[in-house]
Amino acid sequence: MLIVMKPGVSEVEIQKVVSLLETKGFDAHVSKGEINTVIGAVGGKVIDKRGIELLESVQEVIKITSSYKLASRAFQREDTIIKIGNAQFGGTEIAIIAGPCAVESLEQLEIIAEKLSKCGVKFLRGGAFKPRTSPYAFQGLGEEGLKYLRHVADKYNMYVVSEIMEISQISMMLKYVDVFQVGARNMQNFNLLKELGYVNKPVLLKRGLSATIDELLMSAEYIMSGGNRDVILCERGIRTFETATRNTLDISAIPVIKKLSHLPIIVDPSHGTGLRDKVAPMSRAAIAAGSDGITVEVHGCPDEALCDGAQSLYPNQFEILFNELKCIAPILGRSL
Amino acid sequence: MLIVMKPGVSEVEIQKVVSLLETKGFDAHVSKGEINTVIGAVGGKVIDKRGIELLESVQEVIKITSSYKLASRAFQREDTIIKIGNAQFGGTEIAIIAGPCAVESLEQLEIIAEKLSKCGVKFLRGGAFKPRTSPYAFQGLGEEGLKYLRHVADKYNMYVVSEIMEISQISMMLKYVDVFQVGARNMQNFNLLKELGYVNKPVLLKRGLSATIDELLMSAEYIMSGGNRDVILCERGIRTFETATRNTLDISAIPVIKKLSHLPIIVDPSHGTGLRDKVAPMSRAAIAAGSDGITVEVHGCPDEALCDGAQSLYPNQFEILFNELKCIAPILGRSL
Amino acid sequence: MLIVMKPGVSEVEIQKVVSLLETKGFDAHVSKGEINTVIGAVGGKVIDKRGIELLESVQEVIKITSSYKLASRAFQREDTIIKIGNAQFGGTEIAIIAGPCAVESLEQLEIIAEKLSKCGVKFLRGGAFKPRTSPYAFQGLGEEGLKYLRHVADKYNMYVVSEIMEISQISMMLKYVDVFQVGARNMQNFNLLKELGYVNKPVLLKRGLSATIDELLMSAEYIMSGGNRDVILCERGIRTFETATRNTLDISAIPVIKKLSHLPIIVDPSHGTGLRDKVAPMSRAAIAAGSDGITVEVHGCPDEALCDGAQSLYPNQFEILFNELKCIAPILGRSL
Amino acid sequence: MLIVMKPGVSEVEIQKVVSLLETKGFDAHVSKGEINTVIGAVGGKVIDKRGIELLESVQEVIKITSSYKLASRAFQREDTIIKIGNAQFGGTEIAIIAGPCAVESLEQLEIIAEKLSKCGVKFLRGGAFKPRTSPYAFQGLGEEGLKYLRHVADKYNMYVVSEIMEISQISMMLKYVDVFQVGARNMQNFNLLKELGYVNKPVLLKRGLSATIDELLMSAEYIMSGGNRDVILCERGIRTFETATRNTLDISAIPVIKKLSHLPIIVDPSHGTGLRDKVAPMSRAAIAAGSDGITVEVHGCPDEALCDGAQSLYPNQFEILFNELKCIAPILGRSL
């Protein structure tokens, strides 16, 4: 932590801050610049920097160590590669997660999974719990939906990715899913993150609508600090002033995160844009920018979907997209 | 719902949209303008407007009924006044909620409650559950903290406001609190909102960091649709590009909400700014703009606070502020 | 324009609004829905919709015709292709504009132009006027810089793109440039836009830092309404809460604009991210998402650049990027 | 400037950075912390910190001196008070600027000025140049409008505030105005700011739609560095994701700026909200938060206004507001 003093503060004022820091267990080193004196403080316990910042003589307090450690590339230089059966996140192989927004029936899943697995998709997604803005909308099939997912995934040699909403669902879901998905609204549900830190399956952590990249990495740290190092990050759009798209998909988060962290990062172009005709361009953009994969909504009959049909691809649209991505991947030295 | 067709679309294309709408249970009325044909659709079930918007011939789909009804001033013209003992939210009397960020001990609460009640504060606040960004920080006293709150509030004739984190805490908390607070991160935890709709105590609903006013009112609707009409809204700052303050306190949300809804609206200047020296100016601004109250953090010894001390007022600062607000209130025909 | 009345308004109140609209020259058609009555208004002069919205009986006023017309795809279905010598914007050939942020000397330009033209780049960029945040920083070479640009571009069979700052520079610049660039800060300098509407050279119009896509298209309309239809749009990042990148490059603006308008759209990944190591990923993303080109800063010796060296590519980095883009283009049926 | 090195970098890498800094004229001091080594650099010339940040061994570069100096409270502890005749900005007296958005005619100005001066308003505002989004809308009366303003202001002992659009208008406007207003879109028109630094009349500088407080102060610095120290800052709303108001008026900018700078700060609630019925609440909020004044649009007949009538107050609304502000001022030890 660096404490920048206001220009022209007296020696007495500087010593007051030094003493305060020492009380809190810090070693304090004073260095005087032309304009500002800067006090470096190391070794103390975690404190709220605003407390120091409110002191009359202090101009600014700067934290120099990032809030996350396990998730940081400074901590681990090589990319984390998460292996799930014959699939992976973070290696040279690009991961594709596809499937309907919500599990609606066994038939629905069968139809779509067959098509997806033929393309070569290894991860089947589908929501079983769908708390909705309207209390009258379809709320998901619950555990029944997870059973369908497991059954169909096994049949087609796929892996299951599904969203968890509450701590109480962990042990039940462990029987059905291969990857736990944490949605954007739960990105800072710290109790849930902590519990997922004790689970021995990978967690797909979605960025919150108004979360900074730094906050996303801190949430990953929460999971990792419990022992579970298999965290897959997911960019899915942030809220900005632009209303032409539901959210603004922050594609630049990919190279930024690649520099800051060793964890895999994928992109959700379906929620990121909210409209089917934007999904293919943004999927291509994601892979071209270096994303380790995408998670995309595909529905056998989007017009009849019980949830988010407007952002779901038709199976044939997905097939075309899949082939385009197959061509882009080698340009970055990767495969699909 | 209004469907605006693209300029120059053919009669056949218009009829296709009309037929589709009728399939979904709508009555469709076509009216032709100079440039665009507009189809009015009434009576159908709730549908995702994006599905229509994706049609080749459609330019735009506009929803004309707001998503909330019970919370709307169109539904109830007079202000909702929520009475709690001899206090109220939404009437001419301005409500002040004050107390520490977190309950730390019985002694801490005694000291602060005595001072607050002497001023005339009727609502005592304090957090019992504090999931924190860092897993190593103080996590709250839990039920013990609520007992302290109840005990001290009763002693000083005050009412208890405390935050609920999960559905499982409802029945336990009912014994201790007079107002359930729902935090910004839970504003769209629809399962929790739904359950609070069955409770017979008021709910203080905080606006999410990136929630629009419209979304805040939809969340209020969620609670109200369960039967609990006593919802108090709370503006507490939104995330913007400006980093000089932790959040940007949206004071204009007060007159906007007053026009759209009959529900009381208060302001949290402590979380809204994150810094003690901004709390008094923003509290005065809130009351001057027509807020029905404020909720403010006050601590007997902010420098020793276990949580958010930097945004907590010293007791004497609070006293000065309270007196300022007492002078502002009558200018708007209110009292404190 | 559609005027949505509040639920339950009387016939008298509806007639008042109808009369008011007729006074302003509109034809008004009333249609009654279950909850809201909607008044369609066509044919009147341009009015400020807020004036109607403030009426007590009115819930909302919705404009249904977009503010731009010439720039709209509804007005012209086929893509606009802007031809400049043997190059183009908006056709199947992707356009690459490259060069230093600022023209520094004839030598500097020679070195970089030689390398760029060898790659196959057809457009040479460079700023001659550089008003800077600090009054002490390099302010550009002015007309001298434009002469260098013209001279070097002619030598290597390239075209010149350079930024105009003020109306007074138009006639002078006409002698040197092939494309006028309008910077983000001037996107709503309507006087300048209007004058560029009378010029017979294409205009590259950059999106403002906080401009919506709709506002960008309105600014294009301003130029086009003067007669100059050759407008090239440019996405260069918007300001959001995320501070990890200088701006958030809105890649989804590409498919959105492609749907709304027939004008070419390119991307500036240098200003969009502000950091050299993000330029290549975002350039690939742009082309993969369907951009008609990119404008990118390349400098023979970025570490010595007088302006924005940190976001300029080294020549060899550019060469690698150029080859990557060459591989991506055919996947979208295009060439480079 | 502080250069934070990545954890675990070698001594050689540290020395490389030190050498580089010395090349650029800096004195470099290395101090080693538990995790990161920090290099303090003083005395060098202005450089782009991103250049250092891109070095492989560097984690982050932090500027510790603010970009502005003359505008900073560190430079001048006492509030700047700008006196104009018998009026002032920044002292105990609160300044009210009022008048129509645009000057439309001599009669219009006479009517409104008479009412305003009776209230006690000392500053008359009105736009003479109105570049508009639509090329067909009213564009202002130009110099004729300024003559009217001067004439009417003299008659009623008022001072003239009017917006300047371009450098070429300075000498002409000097004859008519008492305060030059720089609009939000010109806040970073550095050439204009520089010229206004040589003028001997105060400048009212409006915050840009997406400008940070830091950038606003840097723009003030631009003017002040030319010699003109009489800069009045003006908050007028920033662009956020919330669309219920045209902009989000950032009331917290008032206490923030009061701490950072000695310059007066006022608020424009008319542009800040865009709707008449929000103007009074936000004006009261501004004064209650410590604003040195407001600039507000008032029109004798807003429904007939040629520009922004929807955000203009009726004269009687203004009178009520003025009296409310008169009551709020003394609570903060001020007068009106």
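First chain written, first letter: the chains are A, B, C and D, and each begins at residue 1.
FYI, a residue touches a chain if its C-beta (ideal position, glycine included) is under 8 Å from a C-beta of that chain, and two chains touch if they have at least 3 such contacts.
Bear in mind the structure is a predicted one, so any value in this text is a computation, not a measurement.
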Chain pair with the higher count of C-beta pairs in contact (A-B, A-D): A-B
Copies chain D and chain C - interface residue numbers shared by over half, same or different: same
Centre distance in Å when chain A and chain C are each reduced to the mean of their C-alpha atoms: 31
Centroid spacing, where centroids are CA-atom means, of chain A and chain B in whole angstrom: 27
Where chain A and chain D are represented by their mean Cα positions, the distance between them in whole Å: 39
Overlap residues in chain C, where contacts from two or more other chains coincide: 210, 239-241, 243, 277
Chain C contact footprint on chain B (complex, rising order): 2, 4, 6-8, 29, 31, 33-36, 38, 40, 42-43, 59-60, 62, 64-65, 74-75, 239-241, 243
Complex contact set, residues of chain A against chain C: 210, 212-214, 238, 240-245, 248-256, 259-260, 272-273, 277-278, 281-282, 284-290, 324, 327-328, 331-332
Contacting residues of chain D [partner chain C, same complex]: 46, 48, 50-51, 53-54, 67, 131-137, 165-166, 185, 188-191, 194, 209-210, 218, 222, 225, 239, 274-277, 303, 308-311
